[in-house]
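Each chain carries a letter (A, B and C) given by its place in the written order, and its residues are counted from 1.
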Amino acid sequence: MSNDYEGVKIGLEIHCQLTALNTKMFCNCSSDYRGNSPNTLLCTVCTGLPGSLPVLNKRALEAAIKIGLALNCKISSNSNFFRKNYFYPDSPKNYQITQYDKAGGIAIANNGHVETNLGGVRITRIQMEEDPGKLQYEGSITTSSNTLIDYNRAGISLVEIVTEPDIVSPKHAREFLNTIQSIVETIGECDSKLDGSMRADANVSISDGRRVEVKNITSFKEVERALNFEITRQKTIQAASKMETRHWDDVRRVTVTLRVKEGEEGYRYFPDPDLPPMVISDDYVDELRKSLPELPEMRLKRFTEEIKLSEEIARIIIRNKIVADYFEETLSYDFNPKLLSGWIATDIMGYLNRNNIEFADLPINAKTLAFLSKSVSDSKVNDSTAKAILLKSLSSGTDIEDLLKSELADSVSSDDLPDIIEKVISDNPKALEDAKNDPPAIHFLIGQVMKATKGRANHSQVKELIENKLK
Amino acid sequence: MADKKIIDAKKYSELSKIELSTQEMEILNEQFPDILEYFDLLSQADTSENIDTQTLSNVFRDDIPADSIADKILDVVPEKKDRFVKGPRMM
Amino acid sequence: MSLLSSKFEEIKEKNKSINAYITFSDLLENNPDGKLSGKTIAIKDTISTAGLRTTCASKMLENYVPPFDAHVVSLVKKQGATILGKANCDEFAMGSSTEHSAFGATHNPHDHERVPGGSSGGSAAAVAGNLADIALGSDTGGSIRCPASFCGIVGLKPTYGLVSRYGLVAYGNSLEQIGPMAKNVYDCALLLECISDYDRRDATCVNGKNINYTESLNDDISGLKIAVPREFFGNGTDPEVEKSVKNTIDKLVSEGAIVEEINIESIKYSLAAYYIIAMSEASSNLARFDGLRYGLHSGKSKDWNELFSNNRKSGFGFEVKRRIMLGTFALSSGYFDEYYIKAQKVRSLITNDFKKIFSKFDAIIGPTMPTLPFKLGEKLTDPLSMYMSDVDTVSANLAGIPSISVPCGYSDKLPIGIQIMSSHFNEKTILNIGNKIEQIRGFDIE
């Protein structure tokens, strides 16, 4: 298959809300806006009333530094806020308080990197900024005669994660986003399950073509589709000739021109005189570093080096904290990592993905899964039987314990085996002779025993017993 | 000094979202070059030495919610619909 | 009718010829407690007062009633002052004559055909014209000191960060401070004492720097070292102004002050640096006025772009438009380094020069304004000549240092003000010297 993604360079700008904070970034309004009636969480600051002034939420700085550390960035010892000046109805001051990387602007963190299954990605910078309000339309954006504005979200704390154009394919982008999700979730600073808590814009270019920004990618599931469309579009016109911003329409599944990209000159960035700079000591950074929980990358290392999982399986498991936690919980009941990791990474995840079910909604709890694996460890059933039980439980919803019980009732106990083997040998006298002379021929006998027990016998036990007969 | 600088009043009126009348644009286009010429005086200043005059830093507030005054804020909004601020069409 | 209300009616009547006030309070509060009890106060209309219209002298906010008090307003209320109303000013504090107001110009009480100075001209005229005991103004490039000088009263611009800006409608937010205006230095010091309480809602406000400013007013000034920069007596300085100021300085020498003439090279760049920075900040600070959340809403329009442009076209006066355009220009790419960045570097230069001077001197003295109050309309056609009148005041804003203007003489009955500056948070010294000048100048203010 030819490489459809040759020359493709993708950079992402991910906006993460700092969902663990109680208040907005620059004012004391509650940040718990979801589900509220419009315009209920407001003050002079987040609505930009004349005479209002911003004051930085200390927890926001803390969260941003932690995210920076978790993405292996260098934390700046001095950092400041800039104004990005542009007019838009969702922006109460018609400027956004953000961070900048030129003209004396210093973002909170720089030069990080993140590993993924499909390759590493460099993090250019992480900057703190405020969310604008929300626009709603009566109908669609083009037909609505009014725009309805809700400022509840205005001023919510955001961290923007900007990557180098190291991403080489839409799949890679998806993988990267999942990794970021897993990291920020692990450190507890962004709950990506909350609607709108993580948004991404993409910058796509092909070889020497110009960079095109794709906005309005509403969910990570849409990312691959949007990027695939844009790449195909650019390849068709043989690389973009001008820098522009395009809007992803997830209904028609196309990107459409929004505007020729506003150069940075349009934004007239300058330092915000209302906010003194931040001086961040090494001690403070160290204190925050120590407070971080085990990051997914560390967990991966532990899974591969200590628990000896394969990297591929391990990466699948660490991708979501909930999955990794589940896995470790199963291990606490029955330490059978190879079996459990295989079931989780392949069978369970496969089933959930195919049926669009969230891991959190998995009806089989860790203890039960471990119970099933224990029955294999204790040689009560063999792996393929156990796997069949698992799959049956997933698809039918029947309890694993019940399935296991009925299985064991039907199963062949080791006590029955010698008799069954005797019978098979007496039915196949020549086979025993063959096996004595030609060891691989034992498999015929084993096969007969398995057939007789309808596959329920423990394979290795059978083999052992027959081998004893050969002596 | 080089030729008098020209500011494109139209461009900046668009950037700052202030519609100007033709007359206003003419007056500004006429006045700007002299003002800019005066500003250009700065180019004579020797600012090669790096001077840091920043005094205040690390001013924060605690992450403790205060009561919202949303209703008071909505009182001054000129056009509303239910609890939304009513804005014009986007396109 | 109580004494206060009859006086109030008188004031409203007198205001018709001076136009110092835009809005009068509905209800007068007479509070027996507090340092300002019994004192009437006018508040510049760029300072937010809850429930009382705050227009910033602009059509844009003609009907805007803030839902909150500025920090300084809650403080003066707490200290028992009676707020009479909102004082006229140049629109959004942009001007030096209070002629750029959507509510008409204010007239100088000493000569109704002349300007009161600006942008806090209404505040100064109210005090000078006996329409208020004291007043609050704001000073971005001289807007308290200039009208104080032109109206023959005392006006003080505090150190940047001493007084909370929470509630002050921002114009040049790295430059401005709210400050006291009064007939004498004592009342000025008292008002400063009341408004300089720390406010955590302003991140640029510095904690722990305010003191009792009335305490050391009468300290002896002998031995104080005072610098007089030659640059403050530049070409455009009226000989009468120069004479009056220099006479006053001589009197200070008789009182034991040690005076020395110096040069501050960087001052000649201060005006250009000030305007670039102020206009740049203004272009951003005034972007919020689009009519959606408050202020002038001009009705239907084809889309948001048109609505914003229309509202701002109708809401802003020409001077404001001019400054926003220039500020937008100075911040835009291609010009940002040459103008904004350069201006900030010059600012650091000036700040540093002042720092060096204050390591050797206790204060700097010069005229507040280069000229006597000019006639209404005189400088309106040439914006640059209007900007030039700030030449002696802007450097204090750039450096963030405190500065006071005290009446030191008259020429043809027109007031002349002398300006005293000192190092950061050294209001004590400038009040002390100002107080001494009041004692030795040889005349009283009625």
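Quick note on the criterion: a contact is a pair of C-beta atoms (placed from the backbone, for glycine too) under 8 Å apart; a residue touches a chain by one contact, two chains touch by 3 or more.
Every value quoted in this text rests on a predicted model; they were computed, and no experiment measured them.
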item: Chain occupying the most central position, where position means C-alpha average; value: B
item: Chain pair with more C-beta contacts, B-C versus A-C; value: B-C
item: Cα-centroid distance, chain A relative to chain B, in whole angstrom; value: 41
item: Where chain A and chain C are represented by their mean Cα positions, the distance between them in whole Å; value: 56
item: Inter-chain centre distance, chain B versus chain C - centres from mean C-alpha coordinates, in Å; value: 21
item: Shared-contact residues (touching 2 or more other chains) in chain B; value: 15, 17, 56, 59, 61, 69, 73, 76, 85, 87-91
item: Residues of chain C whose C-beta touches two or more other chains; value: 64, 66-68, 200, 203-204, 283, 287, 290, 292-294, 304-305, 308, 328, 332
item: Numbers and ranges of chain A residues touching at least 2 other chains; value: 44, 47, 49, 55-56, 87, 89, 147, 149, 151, 266, 268, 275-276
item: Chain B residues touching chain A - in the complex, by the definition given at the top; value: 15, 17, 54, 56-66, 68-70, 73-74, 76, 81-91
item: Complex contacts: residues of chain A adjacent to chain C; value: 44, 47-56, 83, 85, 87-89, 92-95, 103, 147, 149, 151, 263-266, 268-270, 273-276
item: Complex contacts: residues of chain A adjacent to chain B; value: 21-23, 28-31, 37-44, 47, 49, 55-61, 87, 89, 135-137, 141-142, 144-151, 266, 268, 275-279
item: Residue numbers on chain C that touch chain A, as the complex places them; value: 47-48, 54, 56, 61, 64, 66-68, 70, 165-170, 173-174, 200-204, 280-281, 283-284, 287-290, 292-294, 304-305, 308, 328, 331-334, 336, 340-341
item: Chain C-touching residues of chain B, taken from the complex the two chains share; value: 7, 9, 12-13, 15-20, 24, 27-28, 31-32, 34-35, 38-39, 41-45, 47, 49, 51-53, 55-56, 59, 61, 69, 72-73, 75-79, 85, 87-91
